[in-house]
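Let me begin by presenting the structure, written as structure tokens, before commenting on it.
First chain written, first letter: the chains are A, B, C and D, and each begins at residue 1.
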Amino acid sequence: MIYRRHIQIEFNHCDPAGIVFYPRYFEMTNSVAENFFREVAGQSYAAMMRDLQGVPTARLEADFHAPSRLGEVLEWRMQLTRLGRSSIDFGLQAWCGDEHRVTVRLVLVFVEGLGAPKPWPNDMRAAITAFMEAPDA
Amino acid sequence: MIYRRHIQIEFNHCDPAGIVFYPRYFEMTNSVAENFFREVAGQSYAAMMRDLQGVPTARLEADFHAPSRLGEVLEWRMQLTRLGRSSIDFGLQAWCGDEHRVTVRLVLVFVEGLGAPKPWPNDMRAAITAFMEAPDA
Amino acid sequence: MIYRRHIQIEFNHCDPAGIVFYPRYFEMTNSVAENFFREVAGQSYAAMMRDLQGVPTARLEADFHAPSRLGEVLEWRMQLTRLGRSSIDFGLQAWCGDEHRVTVRLVLVFVEGLGAPKPWPNDMRAAITAFMEAPDA
Amino acid sequence: MIYRRHIQIEFNHCDPAGIVFYPRYFEMTNSVAENFFREVAGQSYAAMMRDLQGVPTARLEADFHAPSRLGEVLEWRMQLTRLGRSSIDFGLQAWCGDEHRVTVRLVLVFVEGLGAPKPWPNDMRAAITAFMEAPDA
């Protein structure tokens, strides 16, 4: 199943060349992951913070296929490619209409307390697994 | 009439104290104004850029009444308090439920070409005036 | 006495019009204040965070006199205009050579614990007062 | 030869967990590359913009080895690993003292006019090559 978010490109995202400044794409990937955890995994970042938990990014890769411009709307499509004991791999693509703009791979790790990786809590693992196995709408 | 936008507070907006970092409030006020010009005044920032026009901010004032936290949703309410020959005054308030968090006053100026203030184009002035005079829904 | 910081305008600060996007000016004013507290008041934001203290912004005003462009270097000059029981007023100006670009007034409040304003600790008050009363170099 | 820049971690870079928010690391990598082009390759981003040139990022990879905290100073070390006909590969590492925090690989492409890759101008190629071949100080 694919998790989707639409993000409108505003002044805030663009550089003097009028295209999205690449660090802003990662504000977008973080927002997509953040909303996924709240909506799908049943645990918002705010709730995690209160429990001294978090899902820091351990690794990422990105390919920028074509620039995105002010006023466009990007559709971010995120798939879960692997759920480990305490990690998760996401594959993200940003599309504008039928143009593929960006591909990102994110690896996040579930941590607790002083920052050591911990196994996913059972309820989060169950919710994420159910999403992975559901057919795309 | 009041122009409204909801903005969810995400990791991106928050500082190490877990509250909105004040420069991020101005990313929000810019976004509200940007969407107002596209939706109400009929001229997106992208369209203005193509015509070498813009609405830079000349002055602002802000009062921060109470902090906003990760996971909350802010309702931004924007009113037009004055439409000058080439300027516009906006009064914005950010609310979370019935808590008033931030008040901002923005003064923008319509410019063209090399940056000199110009009178508002007739169609923009008409659209903005119609919005100002309409009753709030 | 005037507290000075130079900030080079990079891609990160600029919008599609090639000029500083106004929320980035407030990233700069925050950086100037943050360095002032570390260097002059003897208390870094990191140290304050560890003690559950902070200096949130209560109010600001800004006038944007002329745009700043990619590649320029701004000199920020900050003066203390008032030291209250638990507040501080800063007057900032950004200059590029002999061009005055931005004027900002910031009001910060010292808070502790759950966010209630507290009187300045004696050592911070003494360091800030000494700076206010020193002649500008 | 290694290109070095020091960046102090300020409020601006940190998330509610008090550590650097990963999109801010890419504001840092962009700043390092931007200063490299100005100082080493003899062509600032501002000069490139005036000539309708640029060096957009085509690909990046990042590994986050350990978190960085408010108040720390990162030393960014950048090496040129490959200079192609119109591309350049950078290997960056962020260190805090003897702790290795982040590794990033950036691939940039020189473009002109409508965005098509172009061979590096001779003067830029010569300056970059001289830097690559120089021993580290």
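We take it that a residue touches a chain if its C-beta (ideal position, glycine included) is under 8 Å from a C-beta of that chain, and two chains touch if they have at least 3 such contacts.
Fair warning: this is a prediction, and the values are worked out from it, not measured in the lab.
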Chain of greatest Cα-centre distance to subunit D: B
Interface sides of subunit A and subunit D: same vs different residues, half threshold: same
Rounded Å distance between subunit A and subunit D, as computed from the means of their C-alpha atoms: 24
Where subunit A and subunit B are represented by their mean Cα positions, the distance between them in whole Å: 28
Multi-partner residues of subunit C (at least 2 other chains): 11-12, 16-18, 21, 23, 27, 30, 45, 49, 70
Subunit B - residues contacting subunit A, complex: 10-12, 18, 27, 30-31, 34, 38, 44-47, 49, 69-71
Subunit B-facing residues of subunit C, complex: 16-17, 19, 21-24, 26-27, 30, 45, 49, 54, 56-64, 67, 115
Residues of subunit C touching subunit A in the complex: 11-12, 14-18, 21, 23, 70
